[in-house]
Amino acid sequence: MDFGAIFSAAFALIVGLDPAFLAIVGLSLRVTLTAVLIAALIGLPLGAALALARFRGRSAVIVCLNALMGLPPVVAGLVVFLLLSRSGPLGPLGLLFTPTAMILAQVLLVLPIVIALTRQTVEDLWGEYRDHLRSVGLEGVRAIPTLLFDGRFALATALLAGFGRASAEVGAVLIVGGNIAGYTRTMTTAITLETSKGDLPLALGLGLVLIALTLAINAIAFGASRIGARYAG
Amino acid sequence: MRDVASILPLDVRAVAFHGDGRRLVDSVSFQLPAGGLTVILGPNGAGKSLTLRLCHGLLTPSEGRIAWAQGAEGRNRRHAMVFQKPIMLRRSVEANVLHALAAAGTAGSERRERCRTALERFGLSERAGQAARLLSGGEQQRLAIARAWALRPELLFLDEPTSQLDPTATGQIEELLAGLVAEGITVLMSTHDLGQARRLASRVLFLHRGRLIADEPAAEFFAGPASPEARAFLAGELIW
Amino acid sequence: MTPAMTHKKPKETTLSTTRRLLLATGFSAALTGLALAQTPTATPPAASAPAATGTRFITVSSTTSTQDSGLFGHILPLFKAKTGIEVRVVSQGTGQALDTGRRGDADVVFVHAKAQEEKFVADGFGLERKPVMYNDFVLIGPKADPAGISGTKDIAAALVKIAEKGAPFVSRGDKSGTHSAELALWKVAGVDLAARKGAWYREIGQGMGAALNTAGGMGAYVLADRGTWISFKNRGDLTIAVEGDRRLFNQYGVIAVNPARHPHVKINDGQAFVNWLVGPEGQKAIAAYKIEGQQLFFPNATQAGA
C-alpha cells in the first residue's frame, strides 16, 4: 500500500465524518477535558497552598511533585487498574473498563503538572506581591484568589501542558479502559489497535486529528503567554 | 462620613527588631498624633523601612509594642502603605484600585464610585483601562497612592516613595503628598533625601543604626540638631 | 535595602490554615470522585436483571484474534438485536483474559487454550467450559522463504528446518492461546527451544497483528491464526508457508465466570451469551462470517471432546 493511497483514505475518513470515527474523537476529548478540569479544581488551590505554606519536608514534597510530572502513563494506568479491579480495594465501585476509570488515570497524570507549575507561579507572584497584599489585609489563604487570577496566563499554559500530555498518552487509558469498541476506545488506543490490525488509513486518519489537536493546543498556549507578557509589563 | 473613633495617636513603645543576629531596630519610642507629615530620616541601613513596616503590621516587633488609640486590625485598618517600588497587579489601572477596595471589604456598588473618585483625584481617569504595569514609574507610584487613598486611611505610610523616580515625577508626588496632608491625612514617610525632608516635613524622626537619635519639629531639626550623627548627616557626610 | 525583611508570622497559624485548605481540597477531591461514579457517562453497576436506567451490558474478556479478525464486529450486533444485551469486549492475550476473569473484572471469558481453560474451571473461577468454534493456525513466512519450507504440509518438519537454518522467527511470547499452541508445536517437533533459542527466535510480547507487522518488517516466520491472517491488511512480503496439518487445529471455548467466587458478576446475562454462542443461532452467525468469501471460524459446539 503506497503512502498516497493511505493519506487519501485518511482524509476521506476525516472529511466524511464517519460516525465511529467521530465517536472515538468525541470520547478522547471528553475523557481528557474532564481529567484536566478535575485536575484544575484540585490542583490549582493545592498548588497555591503549597506555594504559601512552610512546613518540615516541604522541599521533599516539591521534589517528588516535580518527579511525578514524568510519571510513566502505563504506571499510572497500572496503579488505577489495581485499585479499581473487582479484586482490588475499590472494586465494589465497578469502575474498571469505563470512561470514568480513564478519567481517573488521566487525572493522576495531569495533577502533578498542575500542582507543580501552579506552585512555581504562585510562589513567584507571592514573592512579588506579598507586601502589598498583606498591606491590604490579604494574608495567607486569603491571598490565593488574587494570586491565581494574576497568574492566569502561566496557569492556563500549565493546564494546556496537562491537556497535551493526557491527550497524547495511550498506556493508562488502554489498561484501565480496555479499548472496548464504541465505549472506551480513544484516538490513541484506536491507533494502536488499527495499526496492529494493519488498517493503516484509519490509524493515520486518527493520527492526523491528534496532531492537529496538539498543534492547536500549542498555538493557544503560545498566544496566552504572549498576552500574559503584555500584561506583565 | 461616620463618626468613628480615630486610630491615632499611634504609640510606639520601646520597639526592637532582631535580625541577622543584631538589633536592627533598637528600643525606638515615639508617639504619632493626628495631622502633619512626619519624616523618618536617616542614612542607608538605619532601620527606616523596618520601622515603617513594624508600625504598619507587616513585621512583628521582637520587643516592645505598637499600640493604636482604637483597634486598627482586621480589614478596616484605616492605615495604608505605599512602597518604594510600586507593586502593581497584572491588571488594569482601575482593576488595581477595585481589588484593594474589595480586599478591604467595600461593598460592590460603593467600589466603583470610590475607584472613579480616586482615579479622578490623582489624574489617572484616562488611564483607567490600561495595563497598570505598562505605566511609567511616576504614574505607577501615583496609582499606588491613589489606591491607598481610596481606602480612606487616617494614616498613610510611605517608604522612600520617590527614590526610584526622576525629578519631575518626584516633584509631582511631593505635591500630591502635600495635598493629602491638607486634606487631613496623617503621613509618616521615610526618605534619605535631605531636600525632600526639608520641603515636606513638619516633624523629623532621625534614625541611626536602628536607634532613634532625634525627634524634633522640622524647623528645629534643620536649624541645628543636637546629636553629632544628625549634624554629620545634614552636612552630607556618609554615616552608617 | 535593609536585610531581614522577612515577615515573622507565628509558624502555627500558617500551617493550620494550610492544613485546613489541604483537608478541604482532599474532601472536594473525594466528593468529585464519588460524583463521577454517579454521572450518566458511567453506567451504574447493574444487577443481572435489566436496570431501570442505563444500558444493559456484560463484559467479556477475549483474545486479540477474535477481535482483530472482525468476528465480534459481526456476531455481537446480532446478539444485541436478539436480547438487548450489549457485549463489551476487552481484548487481551489469553493469559490476561483468564486473569481478568479470575479477578472478577469480566462476566464471561472467551479464549482458545483448552488446558488453561480447564484449569480455570477446576480452580473454581468458571462454571463450565463449553466449546464454541475452531479455526486453524497457519505458518506465515516471507516470500523469499529462507528455510525452504514453503508449500509443505508438515508443521513439525518445517519447524525443525527453521531451527536448523536459524531462520528468523517471531513468537507472540505473551502467554496467549497462539503462544501456547506455538510452544506445543515446537515440543511436538522435538526442538528444545531453551537450548536452541538464539538471535533468530524473537519474542515480542504483543498481539497477533503486531506479530504479523513485526514478521513482515523482519522477513521472519510467524505462527498465526487464519482468521487474523485473512483480515490482516498489511501483508507486505508475507504469505502462507505451511497449512493444513491437523496439529494446527485451534479450538475456542467460552466460560461464564463463577458467581460463587465473584457475586457481582452478571450471571444471567452472561449465561445468556454463552447459551446463544453454542446454540443454533450463534453457531450460524459464526459460520456466516466471511472475509473475501472465505469462512474464518468453524462452529463445533456440538462436537464431542472439543
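Letters A, B and C mark the chains as written, and numbering starts fresh at 1 in each.
To be clear about the criterion, contacts are C-beta pairs under 8 Å (C-beta built on N, C-alpha and C of every residue); 3 or more make two chains touch, one makes a residue touch a chain.
Predicted model, so just to flag it, every value in this text is computed and none were measured.
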When A-B and A-C are ranked by contacting C-beta pairs, first comes A-C
When you average C-alpha coordinates per chain, which one falls nearest the overall C-alpha average? Tell me, please.
A
In whole angstrom, the CA-centroid distance of chain B from chain C equals 75
What whole-number Å value describes the gap between the mean CA coordinates of chain A and chain B?
47
Inter-centroid spacing, chain C versus chain A (mean Cα positions, whole Å)
29
Where chain A touches two or more other chains at once, the residues are 134
Going by the touch rule set out above, which residues of chain C reach two or more other chains?
7, 9
Residue list for chain B, restricted to those that touch at least two other chains
58
Chain B partner contacts - residues on chain A that touch it in the complex:
128-129, 131-138, 146, 150, 228, 230-233
Can you list the chain A residues touching chain C in their complex?
1, 30, 38, 41-42, 45-46, 49, 52-55, 85-88, 91-100, 103-104, 130, 134, 139-141, 178-181, 183, 193, 195-200
Can you list the chain C residues touching chain A in their complex?
7, 9, 11, 13-15, 17-18, 20-22, 24-25, 28-29, 32-33, 36-37, 39, 41-43, 45, 59, 64, 67-68, 72-73, 88-91, 102-105, 206-210, 212-213, 231-235, 262, 264
Complex contact set, residues of chain B against chain A
56, 58, 74-75, 77, 80-81, 83, 87-91, 99-100, 103-104, 131-134, 151
